[in-house]
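For reference, the structure discussed in these notes is given below.
Which chain is which? They are A, B, C, D, E and F, in the order written, and residues in each are numbered from 1.
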Amino acid sequence: MVLDTGTTAWILTSTCLVMLMTPGVGLFYGGLVRRKNVINMIALAFLAYAIVSMQWVICGYSLAFGTDISGFIGGTEYLGLTGVGMDGEGIPDILFAAFQLVFAGLTLAILTSGVAERMKLASFVVFGLIWTTLVYDVLAHWAWGGGWAAQLGALDFAGGTVVHISSGFGALAIALVIGKRAGFKEINMAPHNIPMTLLGAGLLWFGWFGFNAGSALAADGIASSALMVTNTAAAAGALSWLLASSIHGKPSAVGMVSGAIAGLVAITPAAGFVDVWASLIIGIVAGLLCYRCLLWRLTKGLDESLDAWAIHGMGGLWGAIATGIFCSPLITGGNYSGLIYGNVNQFLINAGDAIVVVIYAFVVTYAIAKVINMVMGLRVCEDEEYLGLDIAAHGERV
Amino acid sequence: MKLIKAIIKPERLDSVKKGLEEIGIYGMTIYEVQGRGEQKGIALQYRGGTIQVDSIPKMEVNIIVKNSEKQKVIDAIIAAAVTGKIGDGRIFILPVEESVRIRTGEVIRDE
Amino acid sequence: MVLDTGTTAWILTSTCLVMLMTPGVGLFYGGLVRRKNVINMIALAFLAYAIVSMQWVICGYSLAFGTDISGFIGGTEYLGLTGVGMDGEGIPDILFAAFQLVFAGLTLAILTSGVAERMKLASFVVFGLIWTTLVYDVLAHWAWGGGWAAQLGALDFAGGTVVHISSGFGALAIALVIGKRAGFKEINMAPHNIPMTLLGAGLLWFGWFGFNAGSALAADGIASSALMVTNTAAAAGALSWLLASSIHGKPSAVGMVSGAIAGLVAITPAAGFVDVWASLIIGIVAGLLCYRCLLWRLTKGLDESLDAWAIHGMGGLWGAIATGIFCSPLITGGNYSGLIYGNVNQFLINAGDAIVVVIYAFVVTYAIAKVINMVMGLRVCEDEEYLGLDIAAHGERV
Amino acid sequence: MVLDTGTTAWILTSTCLVMLMTPGVGLFYGGLVRRKNVINMIALAFLAYAIVSMQWVICGYSLAFGTDISGFIGGTEYLGLTGVGMDGEGIPDILFAAFQLVFAGLTLAILTSGVAERMKLASFVVFGLIWTTLVYDVLAHWAWGGGWAAQLGALDFAGGTVVHISSGFGALAIALVIGKRAGFKEINMAPHNIPMTLLGAGLLWFGWFGFNAGSALAADGIASSALMVTNTAAAAGALSWLLASSIHGKPSAVGMVSGAIAGLVAITPAAGFVDVWASLIIGIVAGLLCYRCLLWRLTKGLDESLDAWAIHGMGGLWGAIATGIFCSPLITGGNYSGLIYGNVNQFLINAGDAIVVVIYAFVVTYAIAKVINMVMGLRVCEDEEYLGLDIAAHGERV
Amino acid sequence: MKLIKAIIKPERLDSVKKGLEEIGIYGMTIYEVQGRGEQKGIALQYRGGTIQVDSIPKMEVNIIVKNSEKQKVIDAIIAAAVTGKIGDGRIFILPVEESVRIRTGEVIRDE
Amino acid sequence: MKLIKAIIKPERLDSVKKGLEEIGIYGMTIYEVQGRGEQKGIALQYRGGTIQVDSIPKMEVNIIVKNSEKQKVIDAIIAAAVTGKIGDGRIFILPVEESVRIRTGEVIRDE
């Protein structure tokens, strides 16, 4: 198959869209922290993206998409993007590498939720490089690079396991290592700029169309269907969380967009496999489930501060399982079918894969965080945390 | 009457409000301010050097009270605002001559 | 005709672009209200989009694009998107449905201008669902779904009647029913965050390229020409409003971007039919006209708070008429021509269509609003309005 | 060659992306000025875009891309876009004109750095129209319209000379004419809203993919490679500036994104010609170089206020030279090669071209600014500057 | 001299300014504050429950006046700020010992 | 003790801080305020008409000092804040009865 300009146009566009999600996450998170940490929070997203951009061209792409080694990781033939050229099937190989890059950058940015308002910049750089290499690249290989999960037939359309479970459970793990913010649950840590969070959510919703519909790697019916179910799940998640939060208290605007993101996360692994009705259910459940998880982590006193675990981790887990449930032969041209079409196998494979990824992501992240904590410390000192990282880490202020 | 100006850490505001409620004091006016104490702020170690951060965000709570209530208000604020660390803040007491309620025009004097 | 990847790529992209306009409207409006209502204002845009997303896949698409019933509304064959598949002519049918969805969501978001700072959330949800069904879907059917206007040959390239007249006159109607904000014209209600409004305007201008050039439903010369005239009208509107406002007082930045939006609105129905000179005139007139309309509504003491009527309603009306005037046989390959090319007919049809839409949108919106007002009340109570809807409706604060 | 829908889709998209860079620059700059000038700063970007949009369709496009006159400027055959139609090679001619338009608008917006917080609105309009005509259109003709630089074989892929050297050195020239801001270096002029600057940077990074990869004028391997090297240089620039600033003081978030933009600027002329390793070097050097230039202009007491010169001017100069150094026959299909591949010629041509452009942009801008300053004054009066241009020029306030 | 601290509803600021202009008072300093009155804010009904919103945005206007002008300033503020509803605000009067004009260094004392 | 309220141009804040440091005064509380002076703000010429801009951003610095330090603090502020132009601002001096350090509860009285 030769290059197709239409497909190439769409993947170029999708790459741009997904890239924008990183500042989107920065703004989403930036609005949720206290004013004294907003610059740092947005800067972490940029920093995550920048270091992963380097890592990816140097080794990440090769580790994820190089020739499979024991089902676990890719080979080294693409180090420095050697041999990743301007030709390819449908799209240029180098475009595929770029499209994958923006996912990797975003994933690390999502994970910053777990260390919000308290992490040392230098430690974040070290952590980010190691984490991307040992967790992200490995998981990307498993799902998309010909690793064991792909071989088994586990389905992950756009990154439910690779992006969301990894960053969500990773955030939880590092949050446990770094510890709670000073004064957590005693002092008011309410979001300082909700319009900023809403703007971030708008950019995320926008970019997610590139994320999911772009993962079709074609400008075709699957991409279009993926876009439609993505939007439906997002809207359903927004409304179900809004409703749930309004029964608990007031219908929160942050809740509404959190629900949208929960829906977007959950539809991610399923986007190219399910029909619009399934997406409706996936979205509604995601909104309710992630909201419950958020409440649960609060009652447990866990300071996974901006809820990457509740939304991305648990939403991704639900999405991975839901893919095994709702995967439709009508959408996939008969190639795949899920539990409701009588295929227990797909359900078990997807659920099994998801659980392995949960464990891998959590354990390895925990280990990396522990080691870095011992070697150089993850956390800023008490005074710096008190002053806020804008001034303490960057010497800047809003 | 007295004007009690209490400059406190922002994160203690909620507990100060609660502490005052408990002794029946509701009226207050709150300002977001920047403060510098006698320690000249906080010194951050940085690459061998030191950076002095003055101008630390604080909240100032202003409460007008009858002379007779002054002491219990001060005590309640201290109890609710103290952490024992530098930067806990100050309370200043100023004399107030009279007070007027705009809604009714009623004038309150005390002593 | 089979699927074309290039066309599909462009419509996928356009769908994303138009989707982003909804948060764009939220930010545009959010900056214009008082600080105490900013979260609510942006949240209304998201909420509008979320509920319309549901409505559209469930019934809206079918009502608009199902088989014509008496020229008035579409049939029910596409309920739940049944039969809306991944094949199609040029682009997949489901992509067409998604592209149309983002227009519907945006339209309701524009209408929130008329109820800014004073509407009950629950009533908005009910109103939004009914309005989209009885007004938007019907108008979309008339213009694009094979309804009477389409049959008569009325031209509306990208939604001058469907989107702008409907939301603008709808905003006016509901504003009359809900009543003025407490203190209107007595107290200072100046925009609280003009940079936010400028950001919103930037996103709108950006997204409008998808709106208008996407409405070509192809990646071709018409789409390209539509993009160029869209930009020209926007720039012309920005400059003419700026000039007019600077004669009145100071050259206002809000005025400049309002003018840009007036130009964008006015070129919307004309985008695929007129040449660049016509777009220049359309834009200049739009800026001046909408500015005058804004001043007029102020002198009349009408609290259609954020000027959807002046800008979208009247701009859309002017655009619909202008399409009948300037429609060029050179651009349309001889298929259509307007008044200045000697075709009085097109002018009369377009003007007539626009007037019918004005009346329909105004009257039906008014009726819906009246009924909901009686049944459940449109307006928050006095205290809530005084406190601001951020805290009163969402329990959130900037 | 006939129209290609995929290519057309990508250039339509790229046009949108580059358009968004103008509000992006507005926000980037808006966050860096003092609060009292933020509306004005963003408004200048919109205004720049609006007036250039008019100028471009009326005469700019023709002057840049009309039939060459003595290698210096284009002819008048396309005035009013006459003859710029909906057909073309690969993409419609009118789309090419639109794509070029968004570059021209952006360039003037970048230049506002040099007059930040002190320029009269009316003078800016006059200056902008003349500058675009005498500087931008001429330089665009030299590089892309068949002018002497193109004839000599100077390479400028996406506008290192045309956009960045011109706006950067132009900003310096007009800054010298208009003079320093009152209190420069005496009073605190720290950025008032760094999150706004970070948002602007995010939009710029996003849009730049359209800028550079769109300049391939195709949806192909070159576009894809351009996107990848663009991202790499941006990330490298971000990290090198961050590191350099953290040695000097604290790792500044504004510094990080300034470095990203320095990298993006420097890769601009090279994007379609170099491989990923070269882009890494180009980006790292850009971050370090532009940072040094910023420090230098501060020590010299030059009030080129927002560093368009240091970042765009010097970054563009470095990029133009670097293109002559790193231009790779592997990427360009053997058509071009640079110094490291033994071709001294390309290096000399590119460096020579860049220097001529530096001189032309600086001198002509200086002259235009001087004349306008004499005729109508460039600068607001002392009181207006003190109050801030938001209130003084627009009657608006944050 | 006296310091007149008037805490008013933000939407009355313009009319207070105008009212003061009419009696020839121009100098003033304005603060954005959060206030809580003796009513403890406003109670919103919500799903059967009640949510108490304290901390309502207010404006505080500070005016230094000669003793002799005190009363007319208070009267003008009340006239311009009163709506008759809860939350109209308060005026407090504090003694001021002296005042200095920075530009000229001139010291003003009164009484 | 005295409360010294100095309303200054925002761009003079740094130099006022420095000036006070030089005489050993560190403690202060800073407010962002809007001010209108006796000139009623600044008049801008506009298209033949005139627009009056009142409400100009200012900084207010509050410093509590012992009576004995009052004069040198006033002098230092004036020296650091004066530009000689309209809008330089004012200093007001109010009596303070006592001061409490929240951290320790210690009460300071002076005179």
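As a convention for this text, contacts are C-beta pairs under 8 Å (C-beta built on N, C-alpha and C of every residue); 3 or more make two chains touch, one makes a residue touch a chain.
Every value quoted in this text rests on a predicted model; they were computed, and no experiment measured them.
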- Query: Going only between touching chains, how few steps reach subunit C from subunit B?
  - Reply: 2
- Query: Which pair wins on C-beta contacts, C-D or A-B?
  - Reply: C-D
- Task: Averaged over CA atoms, how far is the centre of subunit C from the centre of subunit E? Could you give it in whole Å?
- Result: 44
- Task: Starting from the mean Cα coordinates of subunit B and subunit D, work out the distance between those two points in Å.
- Result: 51
- Between subunit B and subunit F, what is the gap in Å from one C-alpha centre to the other? 19
- Query: Which subunit E residues reach two or more other chains?
  - Reply: 31, 51, 94-95
- Task: Pull out every residue in subunit A that's touching 2 or more other chains.
- Result: 4-7, 9-10, 13, 193, 199, 219, 250, 395
- Query: Which bits of subunit A are touching subunit C when the two form their complex?
  - Reply: 4-7, 9-10, 13, 17, 190-191, 193-195, 198-199, 201-203, 205-206, 209-210, 213, 218-225, 227-228, 231-232, 234-236, 238-239, 242, 249-254, 256-257, 260, 276-277, 280, 331
- subunit C touches which residues of subunit D in the complex? 3-10, 12-13, 15-16, 19-20, 22-24, 26-27, 30, 38-40, 42-43, 46-47, 49-51, 53-54, 57, 80-81, 85-88, 91-92, 94-95, 97-98, 101, 121, 193, 196, 199, 219, 390, 393-398
- Item | Complex interface listing, subunit B residues touching subunit E | 1, 3, 17, 21, 26-31, 64, 94-103, 105
- Query: Once bound in the complex, which stretches of subunit F touch subunit E?
  - Reply: 2, 6-8, 31, 33-40, 54-55, 58, 60, 74, 77-78, 81-95
- Task: Report the residues of subunit B in contact with subunit A in the complex, numbered from low to high.
- Result: 11-14, 42, 44, 51, 53, 56-57
